[in-house]
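For reference, the structure I am asking about is given below.
Going by the order they are written in, the chains are A, B, C and D; count residues from 1 in each one.
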Amino acid sequence: MDDIQAFARQVFASQPFSQFIGAELTQSSEDSAELTLSIRDHHKQQHGFVHGGVISYLADNAITFAGGLALGGNALTSEFKINYVRPAVGLYLVARAQARSVGKRMAICQCEIYAVDDDSEKLCALAQGTVVLAV
Amino acid sequence: MDDIQAFARQVFASQPFSQFIGAELTQSSEDSAELTLSIRDHHKQQHGFVHGGVISYLADNAITFAGGLALGGNALTSEFKINYVRPAVGLYLVARAQARSVGKRMAICQCEIYAVDDDSEKLCALAQGTVVLAV
Amino acid sequence: MDDIQAFARQVFASQPFSQFIGAELTQSSEDSAELTLSIRDHHKQQHGFVHGGVISYLADNAITFAGGLALGGNALTSEFKINYVRPAVGLYLVARAQARSVGKRMAICQCEIYAVDDDSEKLCALAQGTVVLAV
Amino acid sequence: MDDIQAFARQVFASQPFSQFIGAELTQSSEDSAELTLSIRDHHKQQHGFVHGGVISYLADNAITFAGGLALGGNALTSEFKINYVRPAVGLYLVARAQARSVGKRMAICQCEIYAVDDDSEKLCALAQGTVVLAV
């Protein structure tokens, strides 16, 4: 169990885009993953909210890691869907993904993305997607 | 018509995340938009392919602009779905979104994302989503 | 609160397709709804499993009612996504939908569909969608 | 090619739910399928429009057949997403699905659903989903 989580951290650390955007893999379990991103001005869109593309990156990648941990190997998100439910403002974003159904080579995961401020945590987006083991 | 396209270019230029990630709004019409991104190493995941989060940003934003142009104002993507169909490798990515149904305040758009190399253009992802006029 | 639930039951009873397919509105709360369907041979596809279209009907409609209850009025599902996670076999299907985010005119709902047998209840599908108040 | 289309017609004819709901497989090619449904009162919801569940059945099944034809075998829809864009009224519904990306065991398909009247054909819904070969 520890091995697969160490493997997840190593895979995450070897993703140049995750480094570039500034995300961290802050929690993981045998079937879940949490990514955290400190909100910077360069993450924003024209109205000062976090760009949807940043939120969709977090959903995509948290889903990949939750699914990969549940499947026990190198995995990728083959598809997902996201609903944005509130403009994302605050100090940081937290994406929590959970495998809800796990087969031999495929897992279905759901992800909640929260905007966190000093004293609040508000749901910003809900996502659902498919993770498959990389061949 | 020219005014709304100039407005779209101005909105795009005022998106810090689009600048940060290096995307360009390369085409627009009264109901479509094309974004282009030169692929850099910092866009990649652990296997050297473009990270799904970059592709989902392109889909989200191309859909926003196609929908906003069709609706004639400031708009945002309220939800979308993406299927990744092939690992994205090449010189650049092109995302082409088209409004397929346009109401007073809501448009449904589809988007195709291609990976382009010296001599080929390959479909990497298909997306579909909802754009709503910002209040 | 009772009024809106009585209204939900009345709306459900006035849906000819829900009667035709044989579904029942078996539970409801201020932001959730449960539909139940006794599995009959005419619900099946070529392999003897319940047809995906039956499951997607349950997801669509359970989401509509959960969202409509949360929004407090006549509502419709404007879009949804479904992942089938296991062939549906058993005595009946139960679809449980919950509003996860509720605005003035729009709610985002998630739905789980279970296949129930004498002694087991197995997750068959997961769905997520948008409900809007009918004008 | 004819063989796979004859196989598709045979599979369709052996789906009890497709018979029950009254759908027909009216066209097929090597990578596309068209289903047609004559609208009856029992297909409707409380406002007299065709129920979303009927439309989602058509999307699900047209996608299955387009993908199965492209993959050359018995297939199933593993997930899909649908946007309803207009209330469905008219004489019949036509769902046209096309495989947009075809791998060895998986195809991504898009589907358009039209409501057809004596003198008009109006887009009612857009769908996109994944089809996988049955093992």
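Quick notes
Please note the rule applied: a residue touches a chain if its C-beta (ideal position, glycine included) is under 8 Å from a C-beta of that chain, and two chains touch if they have at least 3 such contacts.
Keep in mind that this is a model prediction, so the values were computed, not measured.
When each chain is reduced to the average of its Cα atoms, B sits farthest from chain C. When the interfaces A-D and C-D are ranked by how many C-beta pairs touch across them, C-D comes first. With each centre defined as the average position of its C-alpha atoms, the distance from chain C to chain D rounds to 21 Å. Distance between chain B and chain D, defined via averaged C-alpha coordinates, is recorded as 28 Å. Centroid to centroid, with C-alpha atoms defining each point, chain A and chain D lie 33 Å apart.
Multi-chain contact residues of chain B (touching two or more other chains) are listed as 78-79, 81, 83, 130. Partner chain D is touched in their complex by these residues of chain B: 81, 83, 85-86, 100-101, 103, 108, 110, 123, 126, 128, 130. Residues 78-79, 81, 130 of chain B are the ones that touch chain C when the two sit in their complex.
The touching residues of chain B, when paired with chain A in their complex, are 11, 14-21, 41-47, 50-54, 56-61, 64, 76-84, 134.
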